[in-house]
Amino acid sequence: MTTLWKQAQTLHPTFERFHRCLEDDWFLLDHEITLQRAHAAALLDAGILTAAETQAIGLALDEIQATHTTPHAPPTPPASDAEDLHTWIEAELTARTGDAGRKIHTARSRNDQVATLLSMHAIASAERLTKKLGGLVETLCRRSIEWSDLQLPLQTHAQFAAPGSAGAWSMRYATAFDRVREQFVHHAQRWRRSCPLGSGAVAGSSIAIDRKIQAAHLGFDGPSLNALDATTTRDECLELLAVGTQLALHLQSLATDGIAFSQTPFAWIAYPAPFATGSSMMPNKSNPDALELLRGEANSVSAAHAHVVLLLKGLPSGYNRDLQCIKPIVRDAADTLLGLIDLAGAFVGSVAFDADRLDEALAHGDVQATLRMEMRVQSGQPLRTAHHAETGVAVELDPSLNAERYRTTGSASPAEVRRTANVLLTRLGAEPIA
Amino acid sequence: MTTLWKQAQTLHPTFERFHRCLEDDWFLLDHEITLQRAHAAALLDAGILTAAETQAIGLALDEIQATHTTPHAPPTPPASDAEDLHTWIEAELTARTGDAGRKIHTARSRNDQVATLLSMHAIASAERLTKKLGGLVETLCRRSIEWSDLQLPLQTHAQFAAPGSAGAWSMRYATAFDRVREQFVHHAQRWRRSCPLGSGAVAGSSIAIDRKIQAAHLGFDGPSLNALDATTTRDECLELLAVGTQLALHLQSLATDGIAFSQTPFAWIAYPAPFATGSSMMPNKSNPDALELLRGEANSVSAAHAHVVLLLKGLPSGYNRDLQCIKPIVRDAADTLLGLIDLAGAFVGSVAFDADRLDEALAHGDVQATLRMEMRVQSGQPLRTAHHAETGVAVELDPSLNAERYRTTGSASPAEVRRTANVLLTRLGAEPIA
Amino acid sequence: MTTLWKQAQTLHPTFERFHRCLEDDWFLLDHEITLQRAHAAALLDAGILTAAETQAIGLALDEIQATHTTPHAPPTPPASDAEDLHTWIEAELTARTGDAGRKIHTARSRNDQVATLLSMHAIASAERLTKKLGGLVETLCRRSIEWSDLQLPLQTHAQFAAPGSAGAWSMRYATAFDRVREQFVHHAQRWRRSCPLGSGAVAGSSIAIDRKIQAAHLGFDGPSLNALDATTTRDECLELLAVGTQLALHLQSLATDGIAFSQTPFAWIAYPAPFATGSSMMPNKSNPDALELLRGEANSVSAAHAHVVLLLKGLPSGYNRDLQCIKPIVRDAADTLLGLIDLAGAFVGSVAFDADRLDEALAHGDVQATLRMEMRVQSGQPLRTAHHAETGVAVELDPSLNAERYRTTGSASPAEVRRTANVLLTRLGAEPIA
Amino acid sequence: MTTLWKQAQTLHPTFERFHRCLEDDWFLLDHEITLQRAHAAALLDAGILTAAETQAIGLALDEIQATHTTPHAPPTPPASDAEDLHTWIEAELTARTGDAGRKIHTARSRNDQVATLLSMHAIASAERLTKKLGGLVETLCRRSIEWSDLQLPLQTHAQFAAPGSAGAWSMRYATAFDRVREQFVHHAQRWRRSCPLGSGAVAGSSIAIDRKIQAAHLGFDGPSLNALDATTTRDECLELLAVGTQLALHLQSLATDGIAFSQTPFAWIAYPAPFATGSSMMPNKSNPDALELLRGEANSVSAAHAHVVLLLKGLPSGYNRDLQCIKPIVRDAADTLLGLIDLAGAFVGSVAFDADRLDEALAHGDVQATLRMEMRVQSGQPLRTAHHAETGVAVELDPSLNAERYRTTGSASPAEVRRTANVLLTRLGAEPIA
């Protein structure tokens, strides 16, 4: 095994199996290359690297980048016995540049390096999630406007409650996903405030590099305040996963609603065949697997948050090797979320409501009872008296009492659905729809 | 059981036992009273309540407030057979004001009401936590400055690593807690943006109240966008608990460090007796129970987050009764965090390091190896070569190579500790310390 | 505060608030009294207590039992400044018996004491759960036989799949709950194998008491093997909660099914009014709150398991004060489960299926497709060919192709439902039903 | 994509990405082949397959086995567009045997098939874990006897408590791991009781195969009772993970102890170099990474349990596609546990205590205070009086008061350590050590 430290004894093979992590680190390659450039700039400024050495490092990094990264970073590293990504890249640089490579790790430790890479990954993930969510919100807003007049019995406690529209239903998700989107924007900004690089192993370095140069190169506002904090904590991972968990829960709610709407006795939606599968035994089946997998896979994000909490619980200050285990967790969670947003967006874009079934549904559950009660209130009867008067009263559906009556802002009326969809479209920078 | 709905049959006693929740709701009483006032104002504006009725409601609320709330809200409700807090307060208002009380629930449901109360509780909790954390950060900064010259071997992997100071150690927590504090500030602002009240049960109301009046009265920026979203989601609870979980993890790390520092072979701190207990069997014991309980109790906050995720997972849109279970979880988590911050602050304020033990400790673990290696680097040797040259070299501690050398910004040097402590003190609005 | 150890300084009030646990311990009172009797017997045998002292201890315990316990142990302790239950009872004994009370803690620590109490609590909880579950399984078996001919479209992927019966559905839960019941039986037996008492604080005692006497008195098979293990681990708590989590998940699945069956478009069950509530705003609503609370409250058990895992994670060997936090968690989880089994049993005992609605439902989803395919197979067509031949074929329901055809053992046919219900009834020691 | 159902439309690519699971299923290949043989035997008995067809199926399975499995099943499937493992193997059989392959899925669904495979996997995993744990327990017992006279201050609350031995410490883990081992034995037996195969999709089949033949072929005691339960539940996965979580927690406690014993101020153990790594920056470091990774990786098992709980929460009866997500979770958890037991065993087998450091340690913490107190008790002083008399008394270590005094069964004395180690060795079928 190639290591950055002098090694007298070979590692026990069982330990080495758990220890080597080049493959697990590989998703950070792009950020690692960027970090090397920033660090080289600081070492040049501090007089540790000469201009020629810095240039050599830069060219070597260009070469590594050209060979090993693609627009969509390849998931597998080259055959190598390097301990980890940091070791691999120093070896590559040294092979290409000699002493310049041997100098690149000056005033730096893998502890501050990996903290920086994870911050960079969190920021990049949040940015990609922000963009994807923007697309999903836009799709939902467009469909909401399209569906704003399509009446549907809104439910509480999974029971028909009051008339609303398919658009009011889909605006529930546009609103929730936009709230999550804004959280990713907020966190990416916040994470950019503080660059861990330069914290060293735990105590900085006696070599006076200018951390502001590193921070600026990497797009951070400035260096982190405390080296022990910067190398110990994984707050940005927790935050990415916590917001991801909220996103997962909303996606799961969407899946639950969609599955219910496609259940045999509902049949409110014509479940789109490209998102369904059949049964190996029952020729009659067409199953909403896409939504079940949306609901199922989303759990991995919530579980990832709980997993990282468990990992961090009770660790002492200073880098501990347990932190290694966090890397694949955040990598997979971010990937899964991006895929699930795609899946949700593709489904929402494809699905069609069955207007006849919705119309038929409105006849059930006495969904106009609240409207009738409120008409009594408008006539002066106290609400509670009116409520009790309308309890247990069976009245046929009155088509004139439609959902447009729910005129409270943000409510279920067609006009309100259109208004709020346009609020969100405008917030996203998209054209409002007349 | 007193209910707001007409009830033909008595509930099954086993169900009623799980169903009645006046006691669990009681912590929301203050917010409930405030909400009634805001709602009455909107009903007056909409012509549902007369000026006289509105005044009667106000006086009745004054009376309820005087009788049932104290500066520190009493944890137990009065004997009552009311189904929940909302039922209890409507009954109290009706008993005092007649039809005005019967009108108070117009254009409102318990669904939007409880969503609003939980937002108000989240905001108030975040504000209290912000203040408490400010105090803890200030304490830590003051102690950091006090301890900035007290050298201590900083650790990684729970092994001595490099010289730092007790102040560098405590600034790790000042930095982390201040980051958490800022998150609470951010979330409280965000939660204030959107007032659920007026969303009704799921679809708003056909009675055109002005939701902006409610929002303004309650200190929100404006009404929420979508009624289905506003009554279904509990994002502010999740966010309060997610930030609380990060706080819990930092508190647990502090506890772990403190317990290690007080372990028999360390004895770096003189563990303060008012935070210790003895053994029923072993007369020699003095145990760091306060820190063990800090570590232990903090888990309840992380578990609360996981609990709410589990509760919400897979629920359909619209209010579901499962949401009831969230109330005591967020109540207890906020209370526990406030108590644990107090405990941490009291401990940090009381503890003293043993300078002689710290001094003795520095002789172990060859903690100056990195400094020696960096002196080679300063003389022109490439880092990696210098690193290997210093590996396995046994050198006596050189007192002149002190922690002040770690001069990289944000590092462990005494000057940096003082500088960064003053950065945070200034951020808190406190006087920097010369 | 009264303590068992000599206390020079008063505790810091914030610490004391978290530290004092008499109230949290109180649910263990019955077991604590039993333990004192067993320990007194061992101390008599070892010559530490005289016969007269032992008798005095016994009488004092009778008195404490008479005063402070009732068949259903009172949830609140007497006003006392005792640190915990162990301190309180030693003080009570000493107040009544003098030096005998001062001797009762000989060769014992609170560490082995509480480990023993928690084992006793786990055993008693498992036994109560076993009994309750037996009742629930019996109810389900009786209803399964009653419902064995009531055809219903069984579902997969929440879509109609194949004809079965309401009885086949309820036997799913009888089978699952009986499996859980057997697990509780198994664990109670296992926990009884090993009595922690006599392990002392961590290393036993130099006073040679006969631990077999203690174990026999407390109904254990014998003393535990290793004092460090016995005082550190909480495996019986984890196991109680792990089996409880499985129970919780089955209860939640039952709730989900029941809620679906009562949804407006299904209306397969006449949801029983004593388990429903209404809405404060919508006079038309009758909500399945009992099932929603069953689903909601059950999460607290799964969350309790995760909570204890988090608490235990990474603790060093030997008693740590974090373990204190486990006590209320297991207390509440066992109580909740007992209540939820009651609720599920009461609901299952009350609910009625609507035969007409079920009949109407069978016409949908082409649920006989598999039967038609299998008729082709019986005629010699290979299954896969027959499957594809029946795909997309719309055929009217043939009433002669009923659920009785599913004759594979354990399947959904009426005869199989009756047979398997009787298997379980026999296992429970109940009379099979002809 | 090759499917078992007739497919008119191509799947949406995003959905297909989440949907295809041949790779995730591949670890079940060995069990899948065994299952096909058992099912063919039942189909032969039922007259669905001829003798010649059955033989052809058998030969084809031999071929598949020879080509695709190795003693250690290869982790990657062949290039194939099959939807999943079940589809792949039916296609392979049909390619080789024609109509026999088209008949193999008769009276069977992927729902009962996968439930059976997961039970088989759980049983096989438990058996492998049982064996591995047996080896670890044996190693610990042997080392315990070796270390039985090596005195060490046992700790509670992470503070020196009383004299014990390194052997008493290691017997804590032998005892705990043996308890876990017995749980795996128990569960494997229990899981073997009930074979899901023959449950069909949800309602068995109208083709009367003899499920007892299947069960017998697969090593189960008999067929499962209820088809809906058998295809819905994943209790054996939960149980495997719940016991695995207990194992993980004990491994983590072992890691915590080992890390503490190797901390710079302790240095009780000579941490073995083949389990350590160095630092990229600090030439002085040798870090206990193996134990940190043991502690870190073990969290994935606890997190896996919580993940499956989350997945299952609230699902309706009948197979739901969410269940697909469980497969890689249990695969990885079992693999991780097997690796971690190896790691723990290799470490325990390699580590050496430093007798001089332990000897030095005993002078601290007044660890003989309890012995002195108990000498007072032996002289007739009541325990509580003796306890208070010894509090705060500083006495030099008396070498004659050694750990052998802790003679209570199961305690920390050298003789007891040897006795209990031999109890466990005998239980494992190993020779006791004189």
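To keep things simple, chains are lettered A, B, C and D as they appear, and every chain counts its residues starting from 1.
Keep in mind that, in the parts below, contacts are C-beta pairs under 8 Å (C-beta built on N, C-alpha and C of every residue); 3 or more make two chains touch, one makes a residue touch a chain.
As the structure is a prediction and not an experimental result, all values here were calculated from the model.
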Quick one: how many steps at least from chain B to chain D, stepping chain to touching chain? 1
Pick the pair with more C-beta contacts: A-D or A-C? A-D
So, comparing C-alpha centroids, which chain is the farthest one from chain D? B
In angstrom, rounded to a whole number, how far apart do the mean CA points of chain A and chain D lie? 32
Distance between chain A and chain B based on Cα centroids, please, to the nearest Å. 24
So, what's the distance in Å between the C-alpha centres of chain C and chain A? 37
Chain C residues touching 2+ other chains are 4-6, 8, 105, 111, 155-158, 161-162, 200-201, 260, 278-283, 285, 287, 289, 292, 295, 299, 302, 306, 309-310, 313-315, 320-321, 370, 387-388, 391-392
List of chain C residues in touch with chain D within their complex: 4-6, 8, 48, 90, 94, 99, 101-107, 111, 154-158, 161-164, 168-169, 171-176, 179, 182, 186, 198-209, 211-212, 223-233, 235, 238-239, 242, 245-246, 249-250, 252-253, 255-257, 260, 295, 299, 302, 305-306, 309, 312-321, 370-371, 374-375, 377-378, 382-385, 387-388, 391-392, 403, 405-413, 416, 420, 423-424
Per the touch rule, the chain A residues reaching chain D in their complex are 3-12, 14-15, 17-19, 83, 86-87, 105, 108-111, 200-201, 272-275, 277-283, 285, 287, 289-290, 292-297, 299-300, 302-303, 306-307, 310-311, 320-325, 339, 342-343, 346-347, 350
Over in the complex, which chain C residues touch chain A? Could you list them? 153, 155-162, 259-260, 262-266, 278-289, 292, 306, 309-310, 313-315, 361, 364-367, 369-370, 373, 387-388, 390-393
